[in-house]
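Chain IDs A, B and C follow the sequence of writing; residue 1 opens each chain.
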Amino acid sequence: MDTTKKTIILFSGEFDKVMAALIIANGAAAMGDDVTIFCTFWGLNILRKTGPVSTNGAKKSVLQSMFGRMMPKGTRRLGLSKMNFAGAGEPLMRKVMKDQNAMSIEELFDSAREQDVKFVACTLSMDILGFSKEELIDGIEFEGVAAYLGKADEANVNLFI
Amino acid sequence: MDTTKKTIILFSGEFDKVMAALIIANGAAAMGDDVTIFCTFWGLNILRKTGPVSTNGAKKSVLQSMFGRMMPKGTRRLGLSKMNFAGAGEPLMRKVMKDQNAMSIEELFDSAREQDVKFVACTLSMDILGFSKEELIDGIEFEGVAAYLGKADEANVNLFI
Amino acid sequence: MDTTKKTIILFSGEFDKVMAALIIANGAAAMGDDVTIFCTFWGLNILRKTGPVSTNGAKKSVLQSMFGRMMPKGTRRLGLSKMNFAGAGEPLMRKVMKDQNAMSIEELFDSAREQDVKFVACTLSMDILGFSKEELIDGIEFEGVAAYLGKADEANVNLFI
């Protein structure tokens, strides 16, 4: 075991939970830790490219296309897990954070990348939700549960968010 | 400490979170790990027998009976934590998974049992929700928080889902 | 590492999840463990004083005041994460627990404090939500993510609830 390794499974895709994961990851990276965020299920959404993507003819089912259209791309419009008020909660939370000069979720994400926090897309979730590698941002890794477990075995803090 | 032990507290009873817990548990068990899933609160529902159960005259309060009737039995009809659409989301997710030849939640559950993943029913949650042992499936254990902590102390990955 | 240390990040502010955190914390403390609960985001609400508080002229933005008014103070009226029924679920759950002679959430909280479970208010969350120290109960600590990580590195069980 190594006290300088941390893993986070980011299962949730809500603004506040993604914020929590990124704050912990940035904090640990700033202290010199090797941090890996495994994005599964709704957490995958933060890794989606925001613009239209050519998927080179990869086929999605009708349902996968529907899921894809309804879910957010990247960190914009994630919604809050509480007090969401049909989507009004997130811009209010963003406004409060800006007034407090707190880092935005996009700045936290960029900072994590600059500090070499590893973002991993769960390949099983990608299969189920129909996301191809082309639809996800560059510079991430693609792994399954076995790889997660291997990293978790080497880490001393493993969180599920 | 032993890197071959893992514990998961399954607090949530939603389809997608139960899936995540079972995928991690199956993966760890396949790698030879000793995995325990402590089912508490809504997570207890996956351990309920699906048919009518004679509880040998054990008395439930009106509220416990009401909770019991409204909550799902087993892994069917758990609902999604996001995009549930009044229950329509889960069958859509099941359809997508079937199209992808992904293991169903029932197959994951059976596989976990075959791989000797231990399922533990939290006795305090059983008392509160009014579940007797007869109402839960066979082959599970019944323990409290002290037993959980004992196992967590021996494990190197402890998740709360 | 020390098997007698545990940390819990209490991110959620719902009745059932707060209950789970307090039950684990009390159990671990009863076994002699040193337990720290880091209250962030919605979890901060359980540390709020219940009565009106003079904040000595500290200014809140309109949005912070709004958030503050809409969120619960202390452990009363937290709501359930499932089967909340517009707030009706929590009193039903409290009634069931009382009928079962289970400890109430307030008793669990008091018991945790008596057993020296450390409650920490996340200072970043306080800044964002606009909570001053005067608005939170006495006898707690105020720390950021670095302090959390320091404690997590010393603990053998670290949960995110």
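Here is the rule we go by: a residue touches a chain if its C-beta (ideal position, glycine included) is under 8 Å from a C-beta of that chain, and two chains touch if they have at least 3 such contacts.
Predicted model only: the values in this text are computed from it and were never measured.
Interface chain A/chain B: under half of the residue numbers present appear on both copies, so the contact uses mostly different residues. A rotation of 120 degrees, rounded to a multiple of 5, brings the CA atoms of chain B into register with those of chain C.
Mean C-alpha positions place chain A and chain B at a centre distance of 25 Å.
Looking at chain C, residues 1, 158-160 sit in touch with two or more other chains. Chain A contributes residues 1, 9, 11, 13, 40-42, 61, 63-64, 66-67, 70-71, 124, 127-130, 144-146, 148-149, 152-153, 158-160 to its touches with chain B in the complex. On the chain C side of its complex with chain B, the touching residues are 1, 3, 16-17, 19-20, 23-24, 26-28, 30-31, 33, 81-83, 92-93, 95-97, 99-100, 102, 156-161.
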